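Following: one structure in structure tokens, then a few remarks.
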Amino acid sequence: MTQLFSNLIKAYGDRRDDGVIQLSFTLPVEYGQKAKQIGKIFAEKLGLREVNVTAVEKVGDGFTMFVVYGHCDVVLDVDKIDIPVVEFTIYSREEVDTLIGKNIGRKIKVVGACTGFDAHTVGIDAILNMKGFAGDYGLERYRWFEVYNLGAQITNEKLIEKALSVGADAILLSQVVTQRNIHKENSLDFVKRIEEKGLRNRFILILGGPRIDHPLAVSLGFDAGFGAGTKPSEVASYIYSRMLELKDR
Amino acid sequence: MTQLFSNLIKAYGDRRDDGVIQLSFTLPVEYGQKAKQIGKIFAEKLGLREVNVTAVEKVGDGFTMFVVYGHCDVVLDVDKIDIPVVEFTIYSREEVDTLIGKNIGRKIKVVGACTGFDAHTVGIDAILNMKGFAGDYGLERYRWFEVYNLGAQITNEKLIEKALSVGADAILLSQVVTQRNIHKENSLDFVKRIEEKGLRNRFILILGGPRIDHPLAVSLGFDAGFGAGTKPSEVASYIYSRMLELKDR
Amino acid sequence: MLKIRYDRKIVADSREYAAKIAGDIYNRFIRGFSTDSIERTTLRFLGVEGATSLGQPKVNSVVEKVKKNSDISLGVLLAVAREMAVSGADFQSAVNIVSDGTLSSIPPSREALEKAKNNIKRLAVLKYEELAGKRRKREEFKKSFQPQKTPLRYLIVATGNIYDDVIQARAAAEAGADIIAVIRSTAQSLLDYVPEGATTEGYGGTYATQENFRIMREALDDVSKKLGRYIYLTNYSSGLCMPEIAFLGAFEGLDVLLNDAMYGILFRDINMKRTFCDQFFSRMICAVSRIIINTGEDNYLTTSDAVERAHTVLTSLFINEAFAKIAGMKPEYMGLGHAFEINPQIEDSFSLELSQALLIRHIFPKSPIKYMPPTKHMTGDPFYSNLLDAMFNLASKMSNQHIHLLGMMTEAMHNPLIMDRYESLKNVNYIFNAASSLASQIQIRKDSLINRRAQEVLSKAYELLQKVQKEGLDNAISNGEFADIKRYSDSGKGVEGVYKKGKEYFNPVFDILLEKTGGER
Amino acid sequence: MLKIRYDRKIVADSREYAAKIAGDIYNRFIRGFSTDSIERTTLRFLGVEGATSLGQPKVNSVVEKVKKNSDISLGVLLAVAREMAVSGADFQSAVNIVSDGTLSSIPPSREALEKAKNNIKRLAVLKYEELAGKRRKREEFKKSFQPQKTPLRYLIVATGNIYDDVIQARAAAEAGADIIAVIRSTAQSLLDYVPEGATTEGYGGTYATQENFRIMREALDDVSKKLGRYIYLTNYSSGLCMPEIAFLGAFEGLDVLLNDAMYGILFRDINMKRTFCDQFFSRMICAVSRIIINTGEDNYLTTSDAVERAHTVLTSLFINEAFAKIAGMKPEYMGLGHAFEINPQIEDSFSLELSQALLIRHIFPKSPIKYMPPTKHMTGDPFYSNLLDAMFNLASKMSNQHIHLLGMMTEAMHNPLIMDRYESLKNVNYIFNAASSLASQIQIRKDSLINRRAQEVLSKAYELLQKVQKEGLDNAISNGEFADIKRYSDSGKGVEGVYKKGKEYFNPVFDILLEKTGGER
């Protein structure tokens, strides 16, 4: 365990650079004398050293679950990692309202929905509805936002139509179900439709959901992405600062 | 997710060969906007695909903990894995006693201890003392075993001396503390001393402890290894069958 | 059981209000109406199965054709009877003719029609007996096992592939599950037909089909024998095909069905009238087949706050109970549902949960109450989320719930992996055993938060019932009283499939069910 | 607090037996004896520190030399006083001379000796005042913070490197820990000297040294200020250097010390007489410095069964209490220890644990009881083991224990990783908050298992005390009454370091401590 340069990092168990991590997984092997070693070899193949198989349990006929601790040699050079981050100042609701009034001078229109088969409205409601989330009021509560919340289970096409018809500034898409990457497929479909209509620069496009993050959203063609625990004021602040940028151009 | 041949296995999440596993680890990075992506890249470097970073939490200044689920492409050919297993029949205490009486015809002498700095006696006591473990009586309770339990915190040297002085058939070494591989070092030291004295074939050498398994014990130079949850009757059965083998030779 | 204090008079009054609320809906929206799905169920009941050459389920085709070529308000069976009367065809052939759209336009003679109708009536009696026979056989099979200790351990499988589901279900049963629920593909509730055959796809589950029911039932019967413990099978009937799925479930020996009087309205935007009719018919089927229904009040707490709106759950339970009574169900089969969904960061959250759980257990003492685990506040950290499940397990054991849905420590991540389910069972097995008789050793203090909270929730539920009774349930729903969701009586999916029965409406299956269930209507 | 029923008369009688048991040991083995470590502590008390040129701690060197060149039974200080008297050296110089082994063989004049002794006495008073000053300053510092809610969250750090320990301790405090315990390297208890300086190695922890104490205290004071919450510091004094470490701990501002009257005998095979003397002296130091001691009865349940031998814990607690009283400790500083160690597969294990926890909490109402987490039955599956900790947390909250050791879900694997500790805090924070007032809302039924079990454990403890009193504690230990381990009065480590004090034994530090503590002897 030699100490690495400070920008190079390894996993930290209880000492710098010890590389300790924990794994759990199930293998389709019968529980028995050999199972533990198979689990060990599996972890070794993944690149762990000094593998400690701490649990080997039968989860069903022909299936064995493992818990493993081991040392892992993955080294990251954090300075070299380039991560897109959303750069904007987060204001309170009162501040955002004042700023929009002063610098934009008109109501910002946003249209939001959870499209596709996805019926989870709680997330988009948390951002848009009066009630808000974790004590932070939703966009409907803002003086300078005009909100159209279309709920869930509508098509991407409908969402775009609505945005056009009300003359929205921003479209907020929520995606909660991620099984077999349905959220990515549906988001791509949404962006494709926008692009086909030549509307990519017409709207600020925002993607949100518990498994969304900014880099993912950007890679799917959105302007920004917001994940688990997002507060409405963060989204409001982002939209405001984006509007300001667009105005300046 | 193509189905593999039946001897080739991948991790099983909820479908054959989906390869899903779970990880948790801590990185020495500040909790913040970038942390999640660093965690993701870490998991990808380990070889996971479609990494889902489900938890990113601050465990202290400069330290962030991650929980990750992802797909892992490690494939094992279970048929090709060669795992040493201890081959012997497990008998009950009554059976072992009858068999020793019949086929060995004299008391088998065993000496056991937990040597080095290791002070954990509960494991070796579970195997040797009357009381036993999980309802299975210890070797002291057997008619045909003569047991010398030296407890803990004695040296390897003393254990060997005692074994010689009582004319033991088997030596039972327990190792519980494994921090920084002290158990391996101490076990190797034990075997080295035995070998230096030219006594390797004089005793059946058995290693035990919660992190011991048969392959490890064999690699350290023992005849057999026993891990967590071992019952005394298993050890008794093993010693008996080894004695029988040695007698036949 | 651990006793709590609350005003029993308010409970009695609440029940009365609920009876009025449901009775009003029955009179205004159910009695005198039929729906596409009721008609299709009738056909299935009489043995119509399979698909047309275009792949459409035959029962759908028949109903569609009757709507197009005849008068659906008189019931599909009248159209079939007519065809039988005119062409002399037997029931099945007549059904095929109607389905093909080639039904004759000549009006039948009165006598021939009577005869045909009588034939169908006889067939209905026969089929009813067949179903009853199945039910009896299953009950006998069940009786050949020792009854399990409650709370029963209910586990979901949701791989999206029925064959993988079988693997997971077997593993779960072996690890200690008492009930296996096969989760349906998302949005099946919006399909206006029941898919056919064994299915290997879906999101978040695979389809509820007759064949899937059969495959899983067979597997579980096999495991039951192996383990010497009866394993219950659950699926979902909610949605546009509620009565059809109820029938298929009954036919294939399911023990439990998700079936709520309002879930489809609120959470799937299915039309109110449609849902009211369908739930009634489907519950009559459950009643005669002694299927335990599960209601979905737990869902309310995913969109509403579990502390502020706890009483809406209780209000809805009273209403669901009243609807079930109208359909002729016995309390022993009313698996009313509630949930452990309070924000875990609230001080005394456990006491509040326990209070709610005890209150519901007391108010519906004979019902196999279904208790749902924490979901909304589960996080991406499985170590932590597993603890919420532990406290949920403890609350369930201490209040002796009947059907205990096992929580998953990966609730916030994905459909359960095989090991998630296994860990969940380890959790529940540990807690139930460790706290085995805890509840019987303690008493709740008179002036405690637990008692105060129970009384508060009850009073609020009562007030809401009063209000709903005044407004009418349809209007209350339009006002967003439940789950903070608003729905209107003339919108929503499936509204086009509801019709007022004509004077000559003919449906002996309906009649038998009405007769056999003898509900409070 | 949650009330349980038990016979208070038996408690009073048990206390009497325990007082007799400890008194007997005091008379036979403590009064009139000193040990190597007591002598070394005396020197440290008077300011002797540092190492010889050979790297041996000076206090060890002095004692060794006195044993070799003079009469240790009269106390090291008499040898030092003699040297002062003969050579006119001041205290420190005289100490160095003795340490070098070059002490003069000429007998001092009576007056010179008296003067030297008086000088040392004055020094002792001065040093005592210094220590008392430190204690007062710390108490003031502590008072500048809001007192924390009990149970206090006690977390261990055990990296084996004091600097890593600091990192982990800070992280733990930030995540909510109230007490940080720095685990010692295994087998330090067998070292007959206290290592010097900051240490970065050890197995399962790093050494207890004065410098390590200082480093960690400084870090925690800093964190306390940052968080506005006083963070307590704990280390271990058990072993061959019990009184020395107690003194160093007191000097460096530790709040809690592991310090048991019998642990070293049973678990480290340290000689009985040695331990009895050392614990007495070390506890006098803790008494004057208001350090909370922690006893180690929890350990009994790692070698004995926690159901069968639960009463041995209680018996031992009575005895530890009696010894502490003799040393002049107040109940407020007696952190008597017990543990949650029942096999989790036993039905009603939680009720049994709760019963035991309540019983102990009731019998020692003023003491900052230390409650230890499950360890023996923890498994290699952290998801599962975390649940045992959750139920332990619940038992602790429900019985309002004082010092709550956080369990680690990786107890069966390794010393805690940084994330293990974090998860453990999440666990305890959730449970304590969720069950915040639960205990005040319930009552325990008269005829419950919990009450019956409490009475049973108490009765058995009482019987054992009776027996021990008859046999004498030394013989009871030889008979294996505690932890199923047998130890004999003339064997064990450190026996050569115990001696009967001669008539002229001189030790003003001892005298001051005896005077200031005024224990029940």
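The chains carry the letters A, B, C and D, assigned in the order they are written, with residues numbered from 1 in each.
Keep this in mind: contacts are C-beta pairs under 8 Å (C-beta built on N, C-alpha and C of every residue); 3 or more make two chains touch, one makes a residue touch a chain.
Keep in mind that what you see is a predicted model, and the values were worked out from it rather than measured.
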{"item": "Pair joined by more contacting C-beta pairs (B-D or B-C)", "value": "B-D"}
{"item": "Farthest chain relative to chain B (centres taken as mean CA coordinates)", "value": "C"}
{"item": "Intercentroid distance (Cα basis), chain B paired with chain A, Å", "value": "42"}
{"item": "Centroid distance [mean C-alpha coordinates] between chain D and chain B, Å", "value": "34"}
{"item": "Chain A-chain D separation of Cα centroids, rounded to whole Å", "value": "50"}
{"item": "Chain A: positions in contact with at least two other chains", "value": "12-13, 16, 20, 22, 24-26, 52, 57, 63, 178"}
{"item": "Where chain D touches two or more other chains, by residue", "value": "168, 380-383, 412, 414-415, 417-418"}
{"item": "Touching residues (chain side chain B, partner chain A) in the complex", "value": "9, 11-13, 16, 20-29, 33-34, 36-38, 41-42, 45-47, 50, 52, 63, 72, 74, 76, 78, 81, 83, 85-86, 178, 181, 211, 213-215, 227"}
{"item": "Contacting residues of chain A [partner chain C, same complex]", "value": "24-26, 57, 59-61, 63, 65, 117, 119, 121-122, 125, 153, 177-180, 182, 210, 228"}
{"item": "List of chain B residues in touch with chain C within their complex", "value": "12-16, 20, 22, 24, 52-55, 57, 67, 69"}
{"item": "Chain D residues touching chain A - in the complex, by the definition given at the top", "value": "158-159, 161, 164, 168, 379-383, 410, 412-418"}
{"item": "Touching residues (chain side chain D, partner chain C) in the complex", "value": "344-351, 381-384, 386-388, 390-391, 394, 409, 423, 426-427, 430-431, 433-438, 440-445, 448-450"}
